[in-house]
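Notes to accompany the following structure.
In this document, chain identifiers A, B, C and D correspond to the written order of the chains, with residue numbering beginning at 1 in each.
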Amino acid sequence: MDFFKNKQQAEQELGFGSKNYKNSVRFIKNGAINVTRTGLGGLNNLDIYHWLISASKTQLTIAICIWYIAINLLFGAVYYWIGPEYFGGLDADTDSQKFINLFFFSAQTITTLGYGHIYPIGNTASTAASIESLMGLLSFAIATGIIFGRFSRPRADLLYSRNILISPYKDITGLMFRITNKKQYELIESEANVTMTMNNPTTNRREFFNLNLEISRINFLALSWTIVHPIAETSPIYGLSIKELEERDVEIIILIKAINDTFSQTVYSRHSYKIQDFVENVKFKPLNPEAGKNGKLKISVTDIHHFNSVQKS
Amino acid sequence: MDFFKNKQQAEQELGFGSKNYKNSVRFIKNGAINVTRTGLGGLNNLDIYHWLISASKTQLTIAICIWYIAINLLFGAVYYWIGPEYFGGLDADTDSQKFINLFFFSAQTITTLGYGHIYPIGNTASTAASIESLMGLLSFAIATGIIFGRFSRPRADLLYSRNILISPYKDITGLMFRITNKKQYELIESEANVTMTMNNPTTNRREFFNLNLEISRINFLALSWTIVHPIAETSPIYGLSIKELEERDVEIIILIKAINDTFSQTVYSRHSYKIQDFVENVKFKPLNPEAGKNGKLKISVTDIHHFNSVQKS
Amino acid sequence: MDFFKNKQQAEQELGFGSKNYKNSVRFIKNGAINVTRTGLGGLNNLDIYHWLISASKTQLTIAICIWYIAINLLFGAVYYWIGPEYFGGLDADTDSQKFINLFFFSAQTITTLGYGHIYPIGNTASTAASIESLMGLLSFAIATGIIFGRFSRPRADLLYSRNILISPYKDITGLMFRITNKKQYELIESEANVTMTMNNPTTNRREFFNLNLEISRINFLALSWTIVHPIAETSPIYGLSIKELEERDVEIIILIKAINDTFSQTVYSRHSYKIQDFVENVKFKPLNPEAGKNGKLKISVTDIHHFNSVQKS
Amino acid sequence: MDFFKNKQQAEQELGFGSKNYKNSVRFIKNGAINVTRTGLGGLNNLDIYHWLISASKTQLTIAICIWYIAINLLFGAVYYWIGPEYFGGLDADTDSQKFINLFFFSAQTITTLGYGHIYPIGNTASTAASIESLMGLLSFAIATGIIFGRFSRPRADLLYSRNILISPYKDITGLMFRITNKKQYELIESEANVTMTMNNPTTNRREFFNLNLEISRINFLALSWTIVHPIAETSPIYGLSIKELEERDVEIIILIKAINDTFSQTVYSRHSYKIQDFVENVKFKPLNPEAGKNGKLKISVTDIHHFNSVQKS
């Protein structure tokens, strides 16, 4: 699968344009493309399903509780407006208690619980309850869809090394970072694509370069993978100092593709390093997996962050 | 991924045949292939699931309401036919009110609400209610399937520039249009395939040509993508005027493939331009993304429609 | 996407082995591989989910009804064994009627309908009812899963021409069949792979040959696609008569891959032609799509079967 | 589809590192990568959804029962703490029986059964019951998601031959194993990738070699597939005896990719052979499929384990 064509050309189209921004920009942040899109009006840009799928568990719980209280307030009010006398077994003295009991009747109806100690009398009340129970079932059909959508979202829980290193590599130096798989899911057929972007002080345009990798694809992501760009003469960062890279507002943009074979899903992970993540004259400490009983290997995934300083040659 | 083989040959098979239609034809309309298929009989051509997945929200709501009223009328009638005396707590004086109450009893049964203030007496009534509650549960299982099917449909909400431009491109001209991503979903690995079709006045057959593109694939669709076909000497539209293109009933057929990585789905988008969408001697206005705080970029997606006139050389 | 490598080699591995069977064999039947697998014991070969997904609508309805009656008989018997006196509101004179009422109580419990005019008294009866209602909910969760599994199965409703023709093709002849899309789903990126198998009278082994195709891939399957194998000198059937093909128990095995872009699914369709489907000295009648208003095309899909006889040259 | 690039280079990156372990290691066990990942804290390494999807049916049933008893104990306790006098129809003399009845009321509420012979009185009890019924519905939405997730998991039920053979192959020998499809699912487009790993006594590092295969891809996996690595001079195991392979802690790592076209899923299967699985001077017994009526073939899948000894030449 030639997923990434590691093009040699100096400038590669990434869909980010070539404008030279005055401020420092960051194209990838928290694993997402760092762009806001406007111009279509609020409703068009809103995507409720996307929000529900992406929201945190706490946000989702709050949203469900608000919805539940709101719909019961609404139907409680409808039932109160129809008239508490149209509900058998209501058994309340004050108007406010009648409303509260109708609120609970609504809750028993929308969940299709239907104890029946309160029940509708007459056509209007029965119609309203029929509508509410249908809405309840459809709401829970939607909730099921959302919950399954959240479960089945592709997962690539990759851990990236905190820093990107300029380390000795064969006779030259290499730009290196490490990744590992945080979860027990198995990732296979992993592929990496690394792009560098920086401003060109001569043309005053932002340029994008595809960085050649020593190995851009591995069969299993079992322990860890050190991804290496050799800083050879053909490399766009050859001969540039950390200070020059900073002045040019460098960003290393990483796209990892892998297959999560528990779910047979192709998963993508993005990451970027800015100048503050660069470290020179160090090299990664080798991971030290131990072979336990039955030949099972054991690694500590956070060890991928560790590096040692090296003697400058 | 060599998704599209940009074949050089003059005629390419698109599955549209080569008949020269008397009237003007349009192969792609509203993003869909503009073909009606008949010949298998009505039922074979009908696909209820496809309809339910593709219907608008309003259509689906109406369909659900009609189904709900119809099934309750049906079971209300069945219960009335069994006899209102077989239902405890029915509490109605007139026959019509009895039917109405049985209609509401049906609604309480199909939703599995079951207040119980009305309840079946005797074996026939109990059997009918058992069947209805099973049908209710299966109906809502189906509704859940449909709702999830709608949620999980692949989405490529692409915005195409309103016009296709013949603009200066290097030393020659190019056929250009722009696309952008309307939603916050992230599209990666975007690929474009552009085909032109027109009648050949000599052979009196419709011909299809694959148009070579400057770049046919980008890694991210972050801001926008201007897709360019250079009108070089090898181009099938080289030397043809707008008027000639109109006489030949030209259509530009576009197929975009991208990966929506929120859902790890490969999504497809189709579009076509007819002669009324062509504009000469203009060029696209560059988008003007702004870098906000934290280096976040902001663009207005509808800016992709804008173009400026250029001096004819 | 180089899905099919149209290998030139004479013999290609299809996973069917090379045994020369005494009787006539058919490798593909009704679009499925015509093989029964045994040897793992009955339970291991049984796959209930696969059956539920593949069963016809009638089979599934019958299975659901049998399950519903059986589970209610089971729980009705459990409740009767616990004792009818532990169920309030049972209201029956005879033992058999008590059992029937408990059967209906079971139905009201497993569907979570719960009218409440019959209700459990005491711990044993309440425990049984609690277990039944949990089983009911889980059963309907499973039913929802099965229904969605059926809905979301990939669909490639291809229609194959009834016959495979040996027709004039350029200066020679070609082996030709036609396919079209029966449904309103849109199929794109269609690819064909055609294999021929026959016994070799010399080596007394069954051989498999990949047949070269004029075009093995089209972008859209909009109208129809005529798939052509030129019977050139390199073709394994060059010079063989229909009679010889019959003696060698020839089978043409077809695998079509396409993308159903309504659901972004890659779909597969298989078909095979045996000697009785071969017709010589005929050619396909061109389809005659009509351009309607708005440039919409209309075709009758069953026209792909039609052919005309040709003069033998 | 060039899924596996059968690289010729001696050492191939598998993501397993190159440490030479003191003990014998096994990289693949029971079809899974034999690695434990630690270092992120317990909660981060826990993945409840993954567990629920991967658990056996018995484990899942036990988990559901524990959850059901626990949630009813919890809500039973809440209701008891609110006060049994706030529940109508409770009808119990002792405190413990009151608690038990509230436990059953909880079961009727969480399943939305709601018989109604017990019902909440007052705002606190009604609020608690409203919350429980919402939790019930959401729990069953989650259960539906999990059940569908289990159903729709990709399945590649491959059977591997118990042993890996060193058999005569053309003029030399070959390393051979056989696979077949255990289930009625159809697997097409099967691809194999075979890697060998062993310690290098000279460099004291673990090395990985990609083994060249006679055929690495077949169109159908209809009967069985014998995967053959010719032990030619270029093979990394050329000239090594079984004893030497054992000393070097050899492991043959197999990755099979296929398409289950019932569900249009790409499925992966892994297997490994250690030295105890090697057998020399034998060859596989050919399978003996029978052609039944209608040309249907029948095979016994467990026959793939069988082999015969051969005369040493």
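Rule of thumb we're sticking to: contacts are C-beta pairs under 8 Å (C-beta built on N, C-alpha and C of every residue); 3 or more make two chains touch, one makes a residue touch a chain.
No experiment lies behind these values; they were computed from the predicted model shown.
The chains that touch both chain A and chain D are B, C. To fit its Cα atoms onto chain D, chain C must turn through 90 degrees, a value rounded to the nearest 5. Where the sister copies chain B and chain C meet, the same residue numbers recur on both sides for under half of the interface positions.
Same interface as A-D, judged by over half of the contact pairs sharing residue numbers, among the pairs B-D, A-C or A-B: A-B.
Centre-to-centre spacing of chain B and chain C amounts to 26 Å, using the average Cα coordinate of each chain. Computed from the mean C-alpha positions, the centre of chain B lies at a distance of 37 Å from the centre of chain D. Along chain B, residues 1-2, 112-116, 144, 148, 152 each make contact with two or more other chains.
Here chain A touches chain B in the complex through residues 1-3, 5, 12-17, 19, 21-27, 29, 32-40, 44-45, 47, 49-50, 53-54, 88, 109, 112-116, 119-120, 123, 126-127, 129-130, 133-134, 136-138, 141-142, 144-146, 148-149, 152-154, 193, 195, 255, 265-268, going by the rule given at the top.
Residues 112, 114-116, 144 of chain C are the ones touching chain A in the complex.
Within the complex formed with chain B, the chain C residues making contact are 1-2, 64, 68, 72, 100-101, 104, 107-108, 111-117, 140, 143-144, 147-148, 150-152, 159, 180-186, 188-190, 215, 217-225, 259, 261-264, 286-289, 291-292, 294-303.
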